[in-house]
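In this document, chain identifiers A, B, C and D correspond to the written order of the chains, with residue numbering beginning at 1 in each.
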């Protein structure tokens, strides 16, 4: 394989790793960053998005509309979880971990009972692009673009809307925000909804590239967490940088040492990064 | 119940030898009591030894299956206690406690399979099963705590390391160490039971003697830890948990202490792992999976962080429950468990045992108060 | 009457701090609360804004009982709060910090950005600076400006001279009086700095061990010995 | 009859209504006994154990996951078990049959606990159970310790040589007609994509051995951890190696994402699969044409065109409409029961040692939905017909003969275990009930060729 070809291959691989990590981490980053909640049911929000997207698609919706519906479904699911459980557990990090773990168990099993072990997936659209003897899925590259669009939109929402301002204030000093008339509980509710919608959209976007199973959420949970933690406090900048750097490390490692090597490289990098940069990548930027 | 109450009981009790006995009873337990544990009074210890007595005769009234199952629950209790010390008391959010259990188990298995013929082969295996996790976690602890990693980041690192063990061990389907086949995801089987051959004292573990051994170890670990957390070291642990920086300013080497605690907890977790593998004769890499890794965290949270009793009881009851749910033969067991976690967290946020303690305290104070009011009236 | 408390008892968990506190603050008044460190001044302010829950007693704001309301509802009703230690949002810009104050007093539509920048021209120079990077005095100005933007009917300030340079303290005192005059805003603050108190306030409560022990009018306030006495005993 | 009739599915939409009625009450009492004893009410526990013992009733136990990752597979197996028992009117040797099933939920610790429970407390006459090999390996020490007759019936890598265990399912070595077919029809160079797990790696060894025998060789191998659903670099690697065909040993739905990703990346190479289609019906869950030109060789596919099979499929689907596809695991559970019934009828008793002897008689052979299945006395493994399925671009399945022509016949009849295993494992001649062999043989490098 020529140098150009392998460089191109590496680029495409790194891009697709980045796209996926960024997508699955964004919703988690929003909820964890703003509310300090460890959402162990994060994967199940992705699952709800993916399954709903697939259902919409099979019902004849165009894919983009189906993904939008998937995001909305995950958002509604998030609202229910927030109203029933999370709102009673603000400021109690560990307890949310166990409670959301419970949510995760319930959802996975309900989905399994309802839909069985696998669910009819969506065919990956957009075909493939050719480079020399090689080819890659166009959609996978488009996912990286979608991730960038989602990050930019999230950034805009946090920077330029009243909700965004209030949520950033609440994130930095919840009591003070409340004393200024900011209804922090409502802000948290909206944040949970927003994060769930983002996760649902992520689920819808990756649905055409993976098998839809009740465990699909569990499978992405660790990667999502790792990305968020490596990113640090800054939801947008930190998380996107983390996804990028982890993607760039995972790509050559998996090219050289196989998929397992890539995954191990991701985990080892995480451990080392946390040790070297306890603040996450945000610490370097700020 | 404080000392003044003992005094009043004493004066009202005509039997001197009995009150003397009670004093001895209290004296013996005093060393296990303190503000850092639940159950610091005569009633508690009476109930405690009462249950112990029942557990002593238990093997005579149940069949082998119930006995074996109970033995495994006791082993989980030991694991829960080890995490209670590391996380509940010292505040090190360790997601890797199950990994110490698994490491201990694998180490025991490999050594025991290779050295069964040797006299005391399993005793050596036991020792290695305890020491290996302690050493591994000491190294990891050194890596983390001397690098100022703390809080949630410790949880993530320990979780990630646990998952790496999982990945690596699932890769071992053809790997052998001596006679031991690691077996990849199929696990390692044919692991011999502990044989204790220590000078003039030797017995093979039958289900009954195994039960007594594990019961004795569980009680010893519980009392030992109670003693520790109520001693000087216990206060240091809690100081670390409550305010690391201030503890450091008082001249304690936090990094060293945390590494030591982390490693000691791993030794205890390793012990539980050894007992478990000796009990089951089998171990596989799912011990290092996400689900398993969460179990001890769930026990300790549900039972009440910062209480040994709570962690132990929660481990027993939750394992018992999931066991029975499995026995119901339905696909709904995970749903039940999930709902259970949520309800406990919502209604007993500080854990079941502390909540019950608070209720008990409230109840007994109102009773005492109403009692004293009546006395005043009469 | 803008604010009054009746027989307020309050504290943290099992630890009582305030005993039987009854105060009244009239419309457009500028009233202070003095007392030594740790007598419960901050606890009273926190109880007024809703951060600390009273165990008994009542708080009335503009004739409405607000004892049960959470802080955000009290702010919306028109109470502005400048906490001890300022508590500005360090990673927001100056301008964003000010914008967080607009929820105060929901009956008032237009935020008072111009007025705030007029009183504190320094803030105007730094609208895009991250608030965490400013000096203590500037942060104090920002904290006051943030509460002011929403045009509250009542402004609560807790220990505002703490950690601020003396000349800036003086400047802030003057501005508070101007705010009181120009906007007709009622002001209630706690303070240990005697000069500041004398110069700024019209009326003053004295607190000891969580109870109001004295109330000083304009005449007593002119006699700095009286105040000295209350603060040093 | 009352006892087990109550396990009928109440309303087909909720696939888990086991254990209602009498049996669940009994189990509840037991549960209470266990709990009570811990709480000091232990006196109860002792007598409850003897409550249910009734010599007239034959007890069949199943341990199949009904929840957890493979919950759906286990449900299928439990469903078909019920269907079989209903067909038999819950009777064997004129005696009532009671079914006892638990849900180990995919957890090996639970498998161990429940194996103890079902043997020691419920005292079953025959135990069916385990989905994954790891479940089985967790169970076997306890099964052997208690000398319990046991059936494992889910496709696996092979190698269990155990006095007490009888196995009917497709083994990796039995899929050798596929390897031969692929080499003959597409060429010798193949790229193996292998789940990094026992089934994958050991099957890969068999594949390599048979490929060599038929004149082929791997030009690349990638071992993929379970649960991985990211194949970008693998696809790159395959394109670089440029093989004639791909040997697929992906396990589990996440790894099946490979096919979607390969299709999207424009990879157009035929698959010879040792893990897909029969067991995990990817041709039903992926949209066409993802699985186009997949060749898969197993003992059973829903599409097998025999009358016997079509009747079976129709009946099962009408009784259990949750199942859109009748997969291998379901039919193997059914066949396992058929084999047991035949063995018991031959032995004339459910005495476990005598039933084991009947299994070993060489006379056990049943007409299963897949065709004729016989029990090999020496290895305790089933000898059966192998079908070669081809998935076309609309995801329809045709069966092919060795030349690649459509056929209604299996590609190879009465296929046994590998020669190597048959030479290693001679239970009928070397093992007895009281001096049992209980091994799993795993071929090491060079073992197969000797």
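By definition in this document, contacts are C-beta pairs under 8 Å (C-beta built on N, C-alpha and C of every residue); 3 or more make two chains touch, one makes a residue touch a chain.
Chains and their UniProt names: A = Branched-chain amino acid ABC transporter permease; B = Urea ABC transporter permease; C = ABC transporter ATP-binding protein; D = Urea ABC transporter substrate-binding protein.
Worth saying up front: this structure is predicted, and the values here are computed from it rather than measured.
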> Out of A-B and B-D, which chain pair has the most contact pairs?
Replying inline: B-D
>> Based only on mean CA positions, could you tell me how far chain A sits from chain B (Urea ABC transporter permease) in angstrom?
In response: 35
> Any idea how many Å lie between the Cα centroids of chain C and chain D?
Replying inline: 74
>> Suppose each chain is reduced to the average of its Cα coordinates; what separation in Å results between chain B (Urea ABC transporter permease) and chain C?
In response: 51
>> From the mean C-alpha coordinate of chain B (Urea ABC transporter permease) to that of chain D, what's the distance rounded to whole Å?
In response: 38
> At which residue positions does chain B (Urea ABC transporter permease) touch at least two other chains?
Replying inline: 167, 171, 331-332, 334
>> Using the touch definition from the top, which residues of chain D touch two or more other chains?
In response: 15-16, 67, 71, 196, 223, 225
> Got a list of which chains touch which?
Replying inline: A-B, A-C, A-D, B-D
> Touching chain A in the complex: which residues of chain C?
Replying inline: 49-51, 70-72, 75-76, 81, 83, 87, 89-92, 96, 99-101, 103-106, 146-147, 150
>> Applying the document's contact rule, which stretches of chain A touch chain D when the two form their complex?
In response: 1, 9, 12-13, 16-17, 20, 109, 112-113, 116-124, 126-128, 130, 133-140, 208-216, 219, 251, 254-255, 258-260, 262-263
> What residues on chain A touch chain C, complex-wise?
Replying inline: 165-166, 168-169, 172-173, 175-184
> Inside the complex, what are the residues of chain A that reach chain B (Urea ABC transporter permease)?
Replying inline: 38, 40, 85, 88-89, 92-95, 97-99, 101-106, 108-110, 112-113, 218, 221-222, 225-226, 229, 260, 263-264, 267-268, 270-271, 274-276, 278
> Contact residues on chain B (Urea ABC transporter permease) for chain A in the complex?
Replying inline: 93, 143-144, 147-150, 152-153, 156-157, 159-161, 163-164, 167, 171, 290, 294, 297-298, 301-302, 305, 331-332, 334-335, 337-342, 345-346, 349
